[in-house]
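Shared between the two complexes below is chain A, which has chain B as its partner in the first and chain C in the second.
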Partner chain A sequence: MKKTIRTIGLALTLTAGLTGGAVADTIKVGVIAPFSGPFAIWGKQFQEAIKVYVAQHGNKAGEHTVEFIYKDSGGPKPDVAKSLAQELLIKDRVDYLAGFTFTPNALAVAPLINKAKKPAIIFNAATSMITTKSDYFARTGFTLWQVSVPMANWAWDQGIKTVVTAVSDYAPGRDAQNAFKVAFEKKGGKVIDAMQMALSTADFAPFMQQIKDKSPDAVFGFLPVGPPTFAFVKAYNENGLKDAGIKFLGTGETDETGLQALGDGAIGLTTAYHYSATHDSALNKEFTAKVSEMFPGSVTNLASVGAYDGTHLIYKMIEAAGADGAKAMEIAKGLAWESPRGPVSIDVTTRHITQNVYIRRVEKNDAGVLINKEFETVEAVPDLGLAK
Partner chain B sequence: MNTVRTQPDPGNAIMRFLKKRIAVYALLIAISIAVFFLFPYDLGFLTRIIIMMIFVLSLDLILGFAGVATLGHAALYGTGAYMAGLFAVHISASPIVGLGVGALSGAVIAFISALILMRAHGLTLLMLTIAIAEVLKEIANKAQTLTGGADGLSGIVMAPIFGQIEFDFVGQTGYWYSFALLMIVLFFLHIITDSPFGLGLRGIKQSTARMRAIGAPVYWRLVAAYTVSGAIAGIAGALSAQITELVSLNVYDFSLSAEIVIMLILGGAGRLYGALLGTAVFLIVHHTAASVDPFNWLFIIGGLVLGVIFFLPGGLLSFPKKLGWVTTWFSKQPEETPR
Partner chain C sequence: MSIIFNILIDGISYGMILFMIAVGLSVTMGLMKVINLAHGGFALLGGAFTHWLTVQAELSFLPAVAIAILGVVIIAILMEFSLFRRIYEFGELEQVLATIGIAFLIIASVNYWLGSTLLAIKFPEYLSGSINLGFRTLPVHRVFVILIGIVVVVALYILIERTRFGVNLRAAVDNRDMAASLGIDTARIYAITFGLGAGLAAFGGILGAELLPIEAYYPLRYMVLFLIVVAVGGMGSILGSFLAAISLGILDTAARYLMPDFSTIIFFSAMMLIFIIRPHGLLGKS
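And then the complex of A and B:
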């Protein structure tokens, strides 16, 4: 028994560092994102964008000082995300939550923010229905419907009549597949086959062979950014689909953080997305320049711009409403501003960001670096996922 | 000085059991009350520790006592979580019945998989345990209409416990609810591990051949132990589903299965208090390190685990012994406290 006392004593000593206090007239924002593990890149991109925004605009929003507290949620772990949110709200007394890369993590905090009446700004988590789960959610990322539908429409306009969709077999993949199919068939096109590939697939050659045999005009793919996309694009080239004239249509596959690794084989891939690091605007140039100045070697991508705009939104909310969550949400609704990705606004009913979607092609710029070159714009696209 | 286990005496067994354990239980309750008042803002995190303690206890029974190495214990936890979640969404929001469903489904899946697993040994067994968790994960992913797939199973709203005590925002209800369950599970496991059945499991761990030689049905003993372990893991999963009000595919993650093995080894496998201590230390260090430095905290955890494995192969519970504080009560197992 005494032994147990000692061992528990050790546990208590370790816990001792956990208490903290609140500072007056400072409004705190709790950022929950993956900062460790395989998804750590998301947290890094979020944090860099927030720091850049603060460097550009100072740490004051109106009369209030804004302070960010970062919490590591690891991967998609709703239990961790929820207890972190609880801690942030109760102990650190934050008035805003932000971040959220994964849908389950965002969903898990919905009951908390409903009770606490504190806004949560989602930088990424992309399933349409999240914002319906709480009136205190607003999202500055994108949804798969938002980018897949313009892709389908554009493809039809290019004279593409038949498509095979090949997506990773998980919820976002199926979302992309459904969005594309609905939009494309509405136009009169035909989805010959809808393939779902296991998330852990490393060799896509068999899928490519099947696609080739069906000889569609194009293949629409959706895979999580990272090694699967890399392998998929590689297989697309190596199995001669490109030479057979089967076009590649995608969304986020050519994400800036992984683009150079794809190599020259990526040149010519067509994607529809809401942000390219080379978006041609003064604001974006300022943003990307500041990022590479403060964080040499870093590039901007969808996560950066989601966090940058989310931070902007939070600043505007704090400026007008301070710590009053309900009032802050009213401020957010309908708010419009110029973002590094182009003109954006927060939809009044869905509280999701309305933005331009760009059709881009991977090209090599003068410096020999691969870029997503935007060549066509679909203006002011809302979240199409809830209206389906 | 003989132990209770070697000379069972039914008449006095209960009294002796209580005498031996009551102080520890009182201590645990005292700690839980102290922690409750010392860290009123950390109840969400503390509740998570308690839930993981229950889960690690379930692993201790099968790994620590019976010596069955598994890296797929999340299969049982996850099934309990999903079933309790689905039950809450579709049938009844009663937390207590939900726990029962979690325990039952954990036990069922454990029983079915044990029929295959307990025929295997060593690496084959390890591979199979991993495979079962992965298969279940893929099923949950595929059945998106039912489970929500990668988006998670949402819409779980819990009714008040016994129709009286509501789950509150700060997490007080969740904390005491989980703690009560932890005590029940611990009590139950003390009985099991003190029983002839528990002794049999230790025997199997030490020498399967000898146990067979004395006529013990090794296979069925292991199946039974795995099933009990599954029921407890199912309770932990159900608790997590009820507290988080969301279940996602991560309940079947390999990393979860691996992490609880680390927690157990950290504390000391084969001892129930080791499971409690290891879980608490792992999660508290994890939490503290991650809030001090959200980016590089894995180094601290890695260092801690390496340190324990190199210097305290018996786990943190063997720390006092290692330090050479050799007194009668330190050099003995907690179960052998003099009466």
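And then the complex of A and C:
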């Protein structure tokens, strides 16, 4: 008798345990990003933002426990990204993928998430068409069209009539160049020359000299953050373009992680971008304060805010849909929230983030630190790249 | 007309920066005949030390450069005693593998110490800004590099061709056993020369940082550039490296002025052409 009762008791406990397990389960998120090599800063910024989000909001999304698994993709390596995604989906049984710094890496996982019906949230990879390759993609970063078009419009409104564009000769560079040219010429402006500079260029003096000889009102540049941007900005100052009154227009060149290295020569550079670490809002102050508290010496940049909002989106999707990928995507569409960069929402058709784009100028604050000071806002800008 | 002047001025100043970052390799790989792929590592260390000293410790530029170079020379000589001394004996492929391994070690150490972002060097006021040449401006920093480059090439020429040390070094490289049996302390000469090469690498890394900024992956990012200068110049010839750097600088700059879309192709085609005509480089001895 006693034994029977015990057995029934045990059975009950087990059943309770099982049903409880089905509700209060653990949902895994696989983050694919570069954590080693020349692009390791991306993985670091992503991971810190995710950890800050978890520290602020706990590891529970609704009744599900959220767990992050990090995988190192190195640089732009689609084959590596694909096999990591495969491993995460099959071996680790993740229900969400996230991260993705480079366009080819994101594109490589499209067939996998289509088949597995699992959402992948892109924190950065910025080519417009990525989200058209799978219904399971959503993006919380930006696209080059999204920031280059407002830059062109703003330049025209400032009375800038002629521009030379100078971009690194690779897909994002050409994207930025096209976006700027289309928008600027639509307004009636003139792009005198469109230069494409080899990615390996170390000395930009010849380009600067040629731009100076053409004496446009402004130069619009796009180069990868790091050595090329550094040398480009140096050459802009040293060859006297600033003194000749040729304005510098850019987008992500003044990224917070590389800004101090540019030195005082960066002061006055005008850029259009979706996030500045000094964006004036309570939420951003809370975010940046938490980042520097948890990771002393770290700054927030586009990668941080992309990952922070991406994590928020994943939490909302898990909360409402759990592991059901198709349902989770429906939740994501049209979702709006307040981000450290300002009000944002996920576009229903493109699944790309709609956000404010800010016109900023590099200034030195009271502590002698270079900052991107926002002074004008273009509200609720969608992708713009697919509607071209 | 002004375009020719522009090409010459930008070309020579770019070429001089190429020379400064490659001259250390011209010493270790050219003179000592060690395939030293760790060259960029020493340049990176020099730049990283100078970054730390000028930005974090707020030391002024000249003492910071002196300390940084001295630091690199000490590290290099310690590595010579412990590692490179064995590497000299290796075959060519083993030298490549061993020295690239050392480059990776240096990259990982700097990455761990200072992270993977740009490590800016704070140049003093008198090296910033530009001089007006009338028809255009030229950054003061580049004028400074041109002057230093001339000093370095003359000093090295005198050291190697006109001093006792230079004679001993050339003897030791040509036939080590014979030189040793004549009473030359070849081990000491190798250690000093290796230290000199590393010191020049550090100096070049620092001076070139306005153009090729210092960051943890510096040794790999610019490895091809260093090797091109030394190979085109001809192994063992400092003057050859100098000529190669200046002519490659002018060629690259001319291509960027005249045919920007083809500049990379022109650069490498010219290099191939030189090797077809002179397989041992401009001033190399076969």
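Rule of thumb we're sticking to: the second predicted complex is superposed on the first by the 364 of 388 C-alpha atoms of A that agree within 3 Å, B and C clash if a C-alpha of one lies under 4 Å from a C-alpha of the other, contacts with A are read in each partner's own complex, and residues count from 1 in each chain.
One rule holds for everything that comes next: contacts are C-beta pairs under 8 Å (C-beta built on N, C-alpha and C of every residue); 3 or more make two chains touch, one makes a residue touch a chain.
All of these numbers come straight from a predicted model, not from anything done at the bench.
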| item | value |
| --- | --- |
| Contacts of A:76 with chain B and chain C, given as first, second, both or neither | first |
| Partner contacting more residues of chain A (chain B vs chain C) | B |
| Touching partner for A:111 - first (chain B), second (chain C), both, neither | first |
| Touching partner for A:198 - first (chain B), second (chain C), both, neither | both |
| Touched partner set for A:103, first chain B, second chain C, both or neither | first |
| Touching partner for A:86 - first (chain B), second (chain C), both, neither | first |
| Chain B versus chain C as contact partner of A:334, first or second or both or neither | neither |
| Chain B versus chain C as contact partner of A:268, first or second or both or neither | neither |
| Touched partner set for A:40, first chain B, second chain C, both or neither | both |
| Footprint overlap on chain A, comparing chain B with chain C | 40, 198 |
| Interfacial residue positions of chain B with respect to chain A in the complex | 23-24, 27, 31, 34-35, 38-39, 41-45, 47-48, 138, 141-142, 144, 148-152, 154, 169-171, 240, 243-250, 253, 273, 277, 280-281, 284-285, 287-288, 290-291, 294-295, 297-298, 316-317, 319-320, 329-330, 334, 337 |
| For the chain A and chain C complex, residues of the former touching the latter | 37-41, 195-198, 200-203, 205-207, 209-210, 226-227, 230-231, 234, 238-240, 257-258, 260-263 |
| Chain B-touching residues of chain A, taken from the complex the two chains share | 1-8, 10-12, 14-15, 17-19, 35-36, 40, 43-44, 70-72, 75-80, 82-84, 86-87, 90-91, 103-104, 107-108, 110-112, 115-116, 127, 133, 169-172, 174, 198-199 |
| In the complex with chain A, residue positions of chain C that touch it | 6-7, 10, 13-14, 17, 111, 115-120, 122, 130, 136-137, 139, 141-142, 210-213, 215-217, 221-222, 225, 249, 252-253, 256-257, 260-261, 263-264 |
